[in-house]
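Please find the structures below.
Next come two complexes built around chain A: one with chain B, the other with chain C.
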Partner chain A sequence: MTPLHKLSTKFSSPPTPSLNSNARCQWFAAAALVATTLAITSAAAEPLKISDFTLKNGLELVVIPDHRAPVVTHMIWYKVGSADETPGISGLAHFLEHLMFKGTAKNPTGHFSRVVATIGGQENAFTSNDYTAFYQRVPSEQLKTVMEFEADRMSGLQLTDAVVLPERNVILEEWNQRVGNNPRARLGEQIDAALFLNHPYGRPVIGWRQEMEQLNRDEALDFYRRFYGPNGAVVVIAGDVEPEQALKFAEETYGTAKRNDLIKPRHRPQEPPPVAVRSLTLADARVEQPFLQRTYLVPSFGTAQKGESEALEVLAHVLGSGSSSRLYRTLAVDKPVAVMAAAGYDSSALDMSKFTVYGSPRPGVALPQFEAEIDAVIADVIAKGVSADELERAKSRLIADATYAQDNQATMARWYGAALMTGASVQDVQRWPDRIRAVTAEQVQDAARKWLDKRRSVTGYLIKDTSPQVEKRS
Partner chain B sequence: MTPLHKLSTKFSSPPTPSLNSNARCQWFAAAALVATTLAITSAAAEPLKISDFTLKNGLELVVIPDHRAPVVTHMIWYKVGSADETPGISGLAHFLEHLMFKGTAKNPTGHFSRVVATIGGQENAFTSNDYTAFYQRVPSEQLKTVMEFEADRMSGLQLTDAVVLPERNVILEEWNQRVGNNPRARLGEQIDAALFLNHPYGRPVIGWRQEMEQLNRDEALDFYRRFYGPNGAVVVIAGDVEPEQALKFAEETYGTAKRNDLIKPRHRPQEPPPVAVRSLTLADARVEQPFLQRTYLVPSFGTAQKGESEALEVLAHVLGSGSSSRLYRTLAVDKPVAVMAAAGYDSSALDMSKFTVYGSPRPGVALPQFEAEIDAVIADVIAKGVSADELERAKSRLIADATYAQDNQATMARWYGAALMTGASVQDVQRWPDRIRAVTAEQVQDAARKWLDKRRSVTGYLIKDTSPQVEKRS
Partner chain C sequence: MSRLIGLLVAAACAAVSAAPASAMTIEKIVSPSGIAAWLVREQTVPLITLNYAFHGGSSQDPAGKSGTANLTADMLDEGAGDIDSKTFHERMENHGIELGFQVGRDEFHGSLRALNEHRDEAFELLRLALTAPRFDADAVERVRGQELSSLKRDTTNPNNIASNEWWAAAFPGHPYGLESKGTLETVPRIAADDMRDYVRRVFARNELTISVVGDVDAKTAGELIDRTFGALPAQNDLKPVANATPRGMGRRIVINLDVPQAVVNFGGLGLARNDPDFMAGYIVNHILGGGSFSSRLYREVREKRGLAYGVTDSLVWFKRAAVVLGGTATQADRTADALTIIEAETKRMAEEGPTPEELVAAKSFLKGSYALSLDTSAKIAAQLTQIQLDNLGIDYIQRRGALIDAVTIEDAKRVAKRLYSGGMLVTVAGRPKGLASTGTQ
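Right after this comes the complex of A and B.
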């Protein structure tokens, strides 16, 4: 059991209850914060100087300086996630993340984790549709040590059935806890499956349970050999280290790894143009409060036309971020028909992404009425756009919120890593605040009109199952 | 242009309007007819003696005697359909079906078809999720000639961009006609995509248009080399030929082909247990009559417990076959709220299958009311079962209808071919009438209770799009 790395696995229950099963949104939030920070810092003080190197074997190294304390956060990101799995073998990317803790010839099971713990460090790992990442936060002088460990398990992983099979029980138990016993996660799983008709984002990151039950050693090693290697990896180091020093360590550790020629550019099956308005209802005896989630298929930063993704970020903020947002104000305060109502957009995905609106009606308000109220708020934004005041507040707030992010080394490392895994560059991240500042009210209205089209969406209803003899199917 | 073979492609518009895009239902009907015929014949006259051989290279040969006229129907069935395609390359099985008419070194493009036409024969081809088949109906003395042609193109296909690219335009035009310009087919496509969360049956047989546009020669040849070969084929010959003679011809033609070691048993990703009630709405300006289709995920003959598939066949008949069925009588005659209402079940699939209920409300009856009426009819069958009279009428009718099928050589060949492609045997087909006779009222009610659970279903609504400025997305 390596309890640490499974706790922050990417598809964990999200902070916002609806954006589950694929928690890329979490990254996005972090991303926005950090990117903005950079610009703010650059106005107020010395610009944050981020170094970006590529070793001969293809490994990319990003170094983010932070000298406030003698600590570094070291992350290695692999360009492989659940969307890269072979159909029928779902959950393998995440399973392999777990198995990466099972040791090599040089460092047997548990040794790496023990060393990190001994030096007072922290470690973790997470998997998303688009990437798998491992990280350690350690005293600066231990940086090279963890790089040696990571470089070793990049190609030296050894697996036996004796370690693989018990770990399979661990991920199955994880499924029970996170999906089987979590109706909102279940709802999110079903919405994703209905939203994506062809793209593998419709597949849960943790996997379909019946396929997880069959995962095995050979498949895991096969996947490992196909996707892991220096040319499929980005190392992000944030903290108290000089770039040249980090580069020297990288060359001495990762630099000796051989390029993996099996690693290819990722081309996933794409979506057909969406044409049908979809909905689904999940009834569960454990639901205490009905819940509605509508998810629209929208572009990510990487697939959007210039400015569209930024407009969607502002739109999500105006529509559904916080107590002064349109949805909350109208539905939870003015009317009030909602206990809660919000919206979110995830700009970070290698392929297309999602815009989500969600909420819970007050007791006595039926879901269809609640949905009609949500529709009216959306229709109003489409018809009349957002006010100059709303626009400015949203942009300022997005940028102001970001100021606080520079405080967190790991957040910075995560944002750059996630961006580089999904087709963006270090420069893209650094220009984020300027891109947000450039968004116009017209662009926000256009984005609402173009993308918040119900034919692009799935609406999920989570209701209490009150039937006395429900056949349990999960 | 080889206009013949594309006309009866398997996903053609079905006789029952709702069972589109995958017309396996058509086969099922044919199957039932023939299988029953055999049993009836066996009571009244000499049993129909069907021969089943396997050549050394793995090719299976089924010979069905029919000496009424000096004519034979020769069909070759390959164990490959759209569900065997690689994700992202959808439509390839069907595209290859078209390309199979592009000639070999020995028989250049068009030669085979010209010979068939010259001898007064007919030819055709079709593709489904589970198989691809080619057939000719020719004078008996020409049997060996067509076998030589088919054996030649089993491994000798030659393709150049000069023939591949124009044929791609042909299948794209086919998509326009059959899907793009056919709202009911579109509805069926969307329902399948929402019904199957993980299994490739969710992918349209004809393909997703954006992927069809990219299909090319290399992919087609690759697919051909991977799936075509004697050990992936069943030849069914119905007509005026002695089994030993047919076997001799087969050995002289197909018998010289080398086994293809790339052909493996087919294991597709399976469905997770369905948990969410799903629905979708497709609005189209061309719709004159609203239409509702509900499709449930149910077992096929091959995946069902003993007797379950037969009970579903009887259930579909009682519920929705003809003017004395529950749905038609209740909704179109007694109430009347329907213009039409019917049900169908397709027992023939390598993996799970579908049970469909569909209909159109009378003008003035809203779809939700119409759906509630359909639900009431289903709920009544679940609660009270079917009467002894209904049961007997359904079974007799299924078996009696079958009597007429023996008249059609091609129908017989198709049923055996389709059965052998989806995991059934010649014996399974021959025992079909006995299996239907054994169905009890209790089994029918159990099947309704167990399988007509809304959580297993997607309900599709097809409505007229009356918005003045609809953005066209297909």
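Right after this comes the complex of A and C.
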């Protein structure tokens, strides 16, 4: 349900909001991105039997079968992300994610990671606006071991300044790497901040740097006590395990955890109806290729009316996914004014979501002219809709991705987890191909007309800063 | 950083994590026309994955035209035979067919993924792409523009700068010292005829490596292979690539760039894949800086001191050279500290080797993690291709555990000394405080 755009040599994508805790496992994030959209059934595939249990303490367990290799992917997803932070303490959800690797009374710092490494497992974690997730990929017979560790750190985290302070430096280096060194990421932060007038989605997941510098142990532990617990968690296990066995393990590990009564349904400040066309320009001396990104405020699967989110998925595909898309064909091939142009929509958000159009102009094409050309492509879709061919092509591709997803248990686990964190159910995910199949050309045109209204958007220009640079030595 | 790390991880995973998914059977098949391939029948998910490689990657780029192989790869789905670019893409997208083309220094790699019901169409499109690419002028200029745009961006990206400089300094005058993507100077020079010539010289039936994973039997797979690759020339026509030893050990090159975080690449002489010490070296490097949260560099640089978000070190091997290459990124006023620690840990590993406990844990990791690299069709196909390219044998997956177990602590210490005693070539892009270029070529 998360049609993240496909990455290829010819299309670069704006940064995604989710952060991994360690650079070495970037491949996982990349793999998840490449597998655009996922689903469970297709015309050719047998429907997968997904099991969904809820333990007495409120923990939800989802089991996805894949018996091809003797391995399992075990993930725990907590219903807390950067949008749940207190204003002024941004970056705390992500910082806590890092600190979750610092040990408990039972398992001191590094013990869990050493055991995972010794059994040949992989582990990592990531944080978004809406959730924080931890995972291990291990040989099947080690499943219960990692569940025991994970259950232990659900309530047993212990922190001292000796581990907290160096880790704060780590996240500041992560900020340098992701944001400080990356002008497009900086543009994305500015656009989000301008798009969300009232909702905390306007804050970067990694945090504002001056607030990150002040994060501390007490704040992290307080946040942990408020949001972590079985009733705020979903465990997703994909791989070579029977559902009954997984349930038994879950009861023996997570099942003994006490409910956390501090965990409440999440109600964030919502957006007022957007009324102003917004635009901004970020100038950076390192920009060698001007870039434009426009982001519209649109519904997510959870906030959309029936069929609307699916129509936005198809619209994003027709408009801006791959070489046959409207934006690429018109602007990069036919005109041509663009080096590249693309679009994307993320349906998985607890509150409102974003529809993004982005591209780079050819040399000699100014950004305002480029923007006008993009506007013309969008206006044409609004006025005339999409062709039957375009509709079918988009649907075929999206539904094929559902089958491809079944080839990768980690992708499946990630997809279900993200959906369940953002208001969707297991059935919603399972019915995804059918819901895509049902989208009509009229619905796509309606979605374009209703949601691709410039007053709902922020347009950002990224240009080269040509003012004299002051010699900076830090 | 992520780019660099991605490359390093890809290189590392490509080779070493090949290991047995117990149930998997690899069949060696030969097509009616005599093309060999490895096949894994996998019927659970209704799709087919093909992975193949031709010898002769970017090291076959004509002099002064680096980036030729890479631009060729970008052009293969831009029209072929009677089909123009637009129709070619539409036919792929109508059926969710994926064709991928990537260039390494020694090989040209390709992949195909399709649902069973669209298998014939997918292989037909691939046949056209490999045997009759059009290189229409408008498409060439469009794709060239994309490459140039990307190269322009790279000129201010510290990851690219540190990496390019490392390879250029390690392999001056050798194709391995050149970027596969080419440069802002070379890419404009590449003509359609250069790409046609590359295709003619490289895409051939000899030295062709093929792996197939999917719901397909040997007979059908053989027919598909013949239909797709059978019309290629029998022999490639490659120019020789000289053996090379990385240079510049002991040298440090600082490239001034105004970014908040300095990117560091460090590395030295590696081990050829067929070196008897390879597995010992792989294990030792895993302990020093390999892919888990427990390596010495990770612990010293990140966990204890918070100097960097990531630090890693990998064995990278080609047909004509091998290196060990690491990377990290740190704020400017701590770059020197990070580098000091990396150098000290490398030296300590050279002098003392790993402890017996570390060796046991690393072996356990490397054996246990094998299955994770063989849990999707795409990973299996890529792995089989790499095993074939490395000449490890069809039983390598079964033998791998024993090869790891056979490494003794004495082997590990001896190979640690061999790997890490030769000094390092270091490149830094940024404004590292108190660090200047040292040493000479």
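In this text, the second predicted complex is superposed on the first by the 422 of 474 C-alpha atoms of A that agree within 3 Å, B and C clash if a C-alpha of one lies under 4 Å from a C-alpha of the other, contacts with A are read in each partner's own complex, and residues count from 1 in each chain.
Here is the rule we go by: a contact is a pair of C-beta atoms (placed from the backbone, for glycine too) under 8 Å apart; a residue touches a chain by one contact, two chains touch by 3 or more.
These figures come from a predicted structure and were not determined experimentally.
Engineer: With both complexes superposed on chain A, which partner does A:281 reach: first (chain B), second (chain C), both or neither?
Structural biologist: In the superposition, A:281 touches chain B alone.
Engineer: State whether A:136 touches chain B only (first), chain C only (second), both chains, or neither.
Structural biologist: neither
Engineer: With the two complexes superposed on chain A, say which partner A:443 touches: chain B (first), chain C (second), both, or neither.
Structural biologist: Once the two structures are laid over each other on A, A:443 reaches no partner at all.
Engineer: If we overlay the two complexes on their shared chain A, which of chain B and chain C does A:198 touch? Say first, second, both or neither.
Structural biologist: After superposing on A, A:198 lies in contact with chain B but is clear of chain C.
Engineer: Quick one: is A:409 in contact with chain B, with chain C, with both, or with neither? Answer first, second, both or neither.
Structural biologist: Only chain C is touched by A:409; chain B is not.
Engineer: Which touches a greater number of chain A residues, chain B or chain C?
Structural biologist: After superposition, C is the partner touching more of chain A.
Engineer: Is A:167 in contact with chain B, with chain C, with both, or with neither (first, second, both, neither)?
Structural biologist: It touches chain C, and chain B stays clear.
Engineer: Under the contact definition given at the top, report the residues of chain A touching chain B in one complex and chain C in the other.
Structural biologist: In chain A, positions 473-474 sit in both the chain B and chain C interfaces.
Engineer: Within the complex, which stretch of chain A touches chain C?
Structural biologist: Result: residues 9-10, 12, 22-24, 26-27, 30, 42-45, 66-71, 101, 110, 113-114, 116-123, 137-139, 165-174, 176-177, 180-181, 239, 285-289, 322-324, 329, 332-333, 336, 339-340, 360, 362-363, 389, 392-393, 396-397, 399-401, 403-404, 406-410, 469, 472-474 of chain A touch chain C.
Engineer: Touching residues of chain C toward chain A in the complex: what are they?
Structural biologist: Touching chain A from chain C are residues 1-2, 5-6, 9-10, 13, 21-24, 42, 44-47, 49, 73-74, 77, 85-86, 89-90, 93-96, 113, 115-117, 138, 142-143, 145-146, 149-150, 152-153, 155-158, 258-261, 263, 291-294, 299, 302-310, 312, 329-333, 361, 364-372, 374-378, 431, 433.
Engineer: Going by the contact rule set out above, which residues of chain B touch chain A in the complex?
Structural biologist: 87-88, 90, 186-187, 190, 193-194, 197-198, 200, 202-203, 208-211, 267-270, 272-283, 453, 455, 460, 471, 473-474
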